[in-house]
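Next come the structures, one after another.
The following pair of complexes shares a single chain, chain A, combined with chain B in the former and chain C in the latter.
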Partner chain A sequence: MMPLAILLGVVTFAGGLVWAERRLLALWQDRYGPNRVGPFGLLQVVADAIKLLTKEDWVPPFADRALFVLAPALVMVTALLSFAVVPVAPGIGVVGSNVGLLFFLAMTSMGAWGVVLAGWASNSKYSLLGGLRSAAQLLTYEAFMGLSLCGVVILAGSFDLREIVLAQRRVWFVVPQIVGCLTFLVAGLAAIHRLPFDLPEAEAELVAGYHSEYSGMKFAMFFVAEYVGITLISALSAVLFFGGWLGPVLPPIVWFFLKTSFFVGFFILLRAALPRPRFDQLMAFGWKVMLPVSLANLLVTGAIVLS
Partner chain B sequence: MIGLVGTLWTVFRHALRKRATVQYPEEKAYLAPRTRGRIVLTRDPSGEERCVACYLCAVACPVGCIALQATEDEHGRRLPAFFRINFSRCIFCGYCEEACPTYAIQLVPDFEMGEHRRQSLVYEKEDLLIDGPGKHPGYDFWRVAGVAIRGKDKGEAEREAPPTDPRSLLP
Partner chain C sequence: MNALFWLAAAVAVLSTALAISRPSPVRGLVYFVVSLLAVAVIFFLLGAPFVAAFEVILYAGGIMVLFLFAVMLLGTGPDAVATERQALRPRTWLGPAALGLVLLAELVVALVRRGAAAAPGGMVGPERVGLALVGPYLLAVEIASMLLVAALVGAVHLGRREEGEPR
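Showing the complex of A and B:
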């Protein structure tokens, strides 16, 4: 029952996020956003889902059919699978793996693979450029994403996300690991292709990037996977650096929800406020700034823990 | 870094600003008096149709949505037998209004013309004609231009001023 509940919860949250993002973006752009369908426009998601479900399921004749169909499923599945290791509250979670963090990192990389495949299988120049950027972006952020989390692992002494939460009883890891937290947020943004690092999509330059050729439910899979990804990175930021379910008075699951929602709102604010960097700027920023910074953070953390 | 936080803060404060959106069906945006919307045919102060069926509007129309047929009444005055505007083609450019020598055809501030059937957007003369003179009250083309009918040339009737000779204005 628990996996199903988590699955439904995550997908519902991601669906609500579609609405919440549009409303929040509108709020910060002096607009109202969708407010017509149902109370406060909440049923807009349902209307969108009906529209996407009833669209023709079309594969372009020039596409590599098998990979074209596989790619959105891959993106979606990896995004959802990552949630298997996220500890929502004591007793709520799918599995308590002792390599949970590694599993998360592996699944994020697999998700990027799906994006690259989508760009390749579409057999269109814009999609290919999007996929190409995704591959380069993957190499950039993977390098410092793992390193930024090493500090947390050293402090907690475990890869188990549950253990990591419990290790934050005294002080949240954001205090000793502020640098790690910032680098992880940047890496997370790049990992889920979220603005300002949505270079694989880059609708201002590449039509719609890797999913230019997708429509209907296959497009919806990419779409939902993106929002599941936002939820995932937000949940992991809360778990790794902000004490997960730990908090006074309110029940643990509420704390987890509040912390996750805070990061979701922060990511949406980033989208509303920041412009997209150029491709080479992102690469240079990743390799020349973030990688040395996270390495230094790891070095200092290790030195302090050992001494 | 400071700039980044400043940007985020500026955008965040926009949450408290007044909304720019006009929630259309409930509240309506202000339309300027000269907004180019639905096309009407006006009448002169005496209540007669101003249109003299000169076809200039139909010629000026870039999308060719105006169709009309000229005819004459018993005094020899030109009138449109039918006057038809296909609003599903009309782009509301206002060229017809500019071309019109008698101020007959005018665009008014109304754009709410949605219909379920395309054919309902084809307006006939009865649909286009309004009762008043529109934007040019008091203007009567025939009083300015004079009118020649069978048995009477311009300016020959009782209490009728001779027509203005535009060439007399030349230096």
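Showing the complex of A and C:
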């Protein structure tokens, strides 16, 4: 039952997020957003889902059919699988693995395959460019995503996410690992290619990037997977740096939910606030700024722990 | 446990064969990734989850995406498929196949002589891998890092632009 409950919870949360994002963006941009369907426009998501389900599901004749169908499923499955290792509260979680953190990294890098294959299988210029960008971006940002998490692993002494939470009972890791936290947030944004790092789908230049040729439910998979990705990175930020379910008075699951929601809101605010950089700026920022910073963080953390 | 092992092993062998024989480079790469994932499952079943995770992160994730990146840049249209088909004619693969058979025979002999593979020696956690890397294998790790630095310096040199050269 537990896996099913968590799966349903994540998908529902991601669906609600579609509405929440549109309303919040509207608030910050001084307009209304969806407010017609149901109370506060809450049923907008249902309306969108019905529309996507009834749309023609078109596979272009020039596409590589098998890979074209495989790609969106891969993105969705890897995003959902990562939640298997996220500890929601004591006793609530799918599996406790002693390599949980590595499992998350592995699933992130497999998700990259979905995006890159989607770009290639579509067999169109814009999609291919989107796929190429996403391959380069994910390689760059994955390199220091792992490094930024090493500090946490050193302090907690474990790859097990549950033990990482328990190791934060005295002080949240955001205090000793503030640099690691910031680099992880940037790498997480890039890994799920959210604005300002959504170069693989940059509407202004690439139509819709790697999913230009997708429609109907296949497009919906990419769309929902993006929101599942936001939820995942937010949940992991809460678990790794902000003590997960730990907190006074309120029950643990409420704390976890509050912390995750805070980061979700932060990611949406980033989308409202920041412009999109050029692709070469993005790559230069990754290799020349973030990588040295996370390496230095690792060095300092290791030196302090050893001394 | 045993059934899972045989299943993963069968997937690994089959997908590796398909990775070699597919004419489309991208299809071949996808099968190669499946094969790497199957090997990761085998590592996991043998009690080495750490190695399994890194097999997926580094090989299936990082290095193979890099391969795919290169293949996509080089173009993979019908021309590439035709070239590949030419390369897969019997005359071309007879030699490598013969050499591969020799290796297979060696493997079979070794297995028969020493009996079935030794039972897995318990779980190998991240700590044991780490201690092994900075303990008995420290020299190998350092040599590998020297090699990687050399490759990095080479890549930077090749990618460098002269002054005034257009971007």
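To be clear about the criterion, the second predicted complex is superposed on the first by the 307 of 307 C-alpha atoms of A that agree within 3 Å, B and C clash if a C-alpha of one lies under 4 Å from a C-alpha of the other, contacts with A are read in each partner's own complex, and residues count from 1 in each chain.
FYI, a contact is a pair of C-beta atoms (placed from the backbone, for glycine too) under 8 Å apart; a residue touches a chain by one contact, two chains touch by 3 or more.
In this text, all values refer to a predicted model and were calculated from it rather than measured experimentally.
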Side-by-side fit of chain B and chain C on chain A, or clash: fit
Arrangement angle, chain B at one end, chain C at the other, chain A at the vertex (C-alpha, nearest 10°): 130
Touched partner set for A:Val37, first chain B, second chain C, both or neither: neither
Contacts of A:Leu52 with chain B and chain C, given as first, second, both or neither: neither
First (chain B), second (chain C), both or neither touched by A:Gly146: second
Dominant toucher of chain A (residue count), chain B or chain C: C
First, second, both or neither for A:Ala273, with chain B first and chain C second: first
Which superposed partner A:Leu295 touches (first chain B, second chain C, both, neither): neither
Touched partner set for A:Leu138, first chain B, second chain C, both or neither: second
Shortest CA-CA distance in Å separating chain B from chain C in the superposed model: 28
Contact residues common to both interfaces of chain A (with chain B and with chain C): none
Complex interface listing, chain A residues touching chain B: 27-32, 269-270, 272-274
Residues of chain A touching chain C in the complex: 64, 67, 97-99, 102-103, 105-106, 108-110, 112-113, 116-117, 119-120, 128, 131-132, 135-136, 138-139, 142, 146, 159
List of chain B residues in touch with chain A within their complex: 4, 7-8, 10-12, 14-15, 17-21, 23
Chain A contact footprint on chain C (complex, rising order): 24, 26-27, 30, 33, 49-50, 52-54, 56-57, 60-62, 64-66, 68-69, 72-73, 76, 125-126
